[in-house]
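Please read through the structure below; I'll follow up with questions.
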């Protein structure tokens, strides 16, 4: 029988510019996931550059990536579960948008982490809701009418529910994928798999595009199959200031420095001009950060392989 | 800060005899999972040797492993979704028990694969039920009153439900674990993780016990954390005639030969005497199968490691 | 049947494969007109390229060199229920007038004449796959007007039509047998003869079906398998004649 | 606070760790009386042994050399909701008389005086962990009689008691502050003073709490941190004084 290991017939590889132009539209429900790890800032910057509008942006932790999208006026609604700059403080652009409607008013829809995870799980499983034992005794359901209840047909116990979340487009960053988008991730998984399966369209951004044979050599590392992926973008350092295990460390200094940048609206606008609007792509962004690669490049800590023979 | 990588304080390593004696009790709901891959026949044989009775045994595919338990009279009820000898035919001991009550009557409770997967998922998540879009138009709910429905609080659509399955004990076979039971599996996962988390007690049987440092070198391979494991048993070839990817191949000849063995009740009894009752343990069982190791030992097909540095 | 079934597959299809003939058909399609089929097994192997004919759907050869491995929870929830599977293959001891399939019992459930293996993943494949291809040899016993037990729903039955039940998948779109191919009528979902092998006659087909079989006016006559197809099947794909 | 919180941990506990002081407390416990703590982070790191003080709960150092990595779906469903977590750590801007915690808003939800980060995993930790340890400096603003918004349920509130609500976990069992430790009354769940640091007085503690604080008759006087504990914290665990 014919082994088809290394054959690549349909390459989905495109530039970030083309991927965003084709797959992210004004008014879309957009998800850029990744819990601390593998947050695709490069995609957010391209969305800002292409001046998308009226997006509903969803993430457990809006983080700097959505603070920037909000500051640029791309979003009209935020769906989230924890909005802060981890270990640093507030997300100032987000707060300005909520509190003062600057640069545009921002509607919010709020869950807990478990609620958001459950929304993505329901979306991925094409179930209209997901049951969870949660929210009893909390004020969250009182301020979010989409948190409801269902009665168990066996125990008659009442459980909380959240509705499915099915983004128009989910953007995932991974360490590597082949040209068809079969993507491998190690380190923290977050809710990347659920967010990808829940989406109508998936953009897979990777540190490296590898031969299919590399993916096939270790199939248990594959988190997302290529057949649900619409575009593959090779964007080294595309997660900075987030990180990619085995590739580069989190830029904690950047997160700390962001507090001051974002506190002042004018300063944040000029940051966006300098590092987003006035650069063509991620490579140009990296050129503006001399010494960054040396400072954050991962040290080698390779594990052993395992035997897939039989 | 102190790296604790290789320290092992509480070893849970025991013999199969001790594990079964301590953790499997008459009348228990017992699960030995593994979908084709990593089915722990060694544990089933020890249960037979210790003459456990009145067990409710649950598995997606009863396979030869439960055919043997049933033939030995250990089970009073079977919960399942596909009962056959894959690619060969019927499970004859199982059919004799259902049709003629030989050696003891066997009650059955039947789902589809998805239903069984969902039952384990609910058990693992400590939810009383799991919703699934399934069973509409099928006669299965008509013969299993535990398949019920729930109404979605968002769409008013009716969905099927199955109740949680929480075994008294789940037995998992894995390629390797450390002495605390942190277990790594590659190749097919089946529903091993869900079945383990659903259980009150977990027996982890492995081909190799390794230093914690081996597990820690590649944490993304860990499927089941040690803190939910009660006993760790090192039992090389413990899955034969099932297989362990990277260790040994499936013994397809054995599966074919089983058809004749199990078709005849007396012959099956004498097989159980020879290969189960009259051997002390798995090592003695393997001694009775000269040439087996050479025939089935896995060829090397090692993958590369990945970088966990930062 | 394997050759005919292989032609039902389009290049790039994501296919939920069973063992035996469906597996052969998929690998024949992969070796001929559909090199980019994505083969998914309910055991969790995704993008499998087995280098031997797998005896079981959990064969280790399905994992080695595959594109990925998924837990069965993901396979059933995210792949199948998630609507990501284009083609599902099903067999069954009985197939009826409306494409309902029985793989559970012959006779009454509580006192079966023959106890069959049961659903496995068949019930949910029939509900969720975009289209289902059924592969089964035709005989009056196997194709009654109504099955004894509906394991996997077809186009209509005592619980209603697929539309009334809100089933997301397309159900059995092609029933590939050893004498010809049946397809549901677009009107009422009743299986009709749409194509026939050169070795068979319409009367022969009719005699092997438990209801008055309608024949499409544009009945197709299939060509015999080519020498190359037979060579591939016999020498490359199933050299030990496990299934053919 | 870090020293006191570390003493609340028993060896072998499976602990859901937050960042900052809870992380310090866990690592101090691990370096002293509880070497076999299993540290789990909501980010998915299981059995983490970070070789630097993590700034975020998703730090790469939590993965390297850990025992395993779980998806967040598994963390919340199988670990937390599954009842596998013994200890959860929570902070919060406000803690009230019954241990309800607010990390959502000060003031009304629709027109907040201060918008806080929100629940994250706090709501479900408060519901499911066997026991919750709250770490927060004491002040009248932070310990009102009733919180402005219940993010994470304590022992009683407008929706009922834990028992009435059927909450599986034990709720906030110890509230470790900078002047002493509070514990819920076994009778009605109201927080009471059970221990005090050598530098503090009962009157001082009472002045920093927004309800008439009951004091246990067997009030414990904690010894000051030992030189070794301080050395570990300052020189080994947080040498750059990120948190202390």
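To keep things simple, chains are lettered A, B, C and D as they appear, and every chain counts its residues starting from 1.
Criterion: contacts are C-beta pairs under 8 Å (C-beta built on N, C-alpha and C of every residue); 3 or more make two chains touch, one makes a residue touch a chain.
Computed from a predicted structure; not experimentally measured.
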Both-way neighbours, i.e. chains that touch chain D and touch chain A: B
Chain pair with the higher count of C-beta pairs in contact (A-C, B-C): B-C
Chain centre separation (chain B, chain C; CA means) in Å: 29
Between chain D and chain C, distance of the C-alpha-averaged centres to the nearest whole Å: 56
Separation of chain A from chain B, taking each centre as the mean of its C-alpha atoms, in whole Å: 36
Whole-Å separation of chain centres (CA-atom averages), chain A against chain C: 39
Sequence positions of chain A contacting 2 or more other chains: 126-127, 132-133, 157, 186-187, 193-194, 217, 220, 243, 245, 249-250, 301, 308-310
Junction residues of chain C - those touching two or more other chains: 45, 60, 63-64, 69-70, 77, 81, 168
Chain-chain contacts as defined at top: A-B, A-C, A-D, B-C, B-D
Contacting residues of chain A [partner chain B, same complex]: 126-129, 131-133, 146, 148-155, 157, 159, 161, 163, 175, 186-187, 214, 217-218, 220-221, 243, 245-250, 298-310
Contact footprint of chain D on chain B as seen in their complex: 1-5, 7, 9-10, 124-127, 182, 193-194, 197, 212, 215-217, 219-220, 222-223, 225-228, 308-310
Sites on chain A touched by chain D in the complex: 35-37, 60-61, 80-84, 86-87, 90, 95, 98-99, 110-114, 117-118, 120-121, 132-140, 143, 157, 186-191, 193-194, 243, 245, 249-250, 252, 255, 301
Complex contact set, residues of chain C against chain B: 19-20, 42-45, 55-60, 62-64, 69-73, 76-77, 80-81, 100, 104, 109, 115, 117-124, 126-128, 149-154, 157, 159-160, 162, 165-168
Touching residues (chain side chain D, partner chain B) in the complex: 12, 14, 27, 30-31, 35-36, 38, 45-47, 49-53, 60-61, 63-70, 74, 77-78, 81-84, 168, 236-237
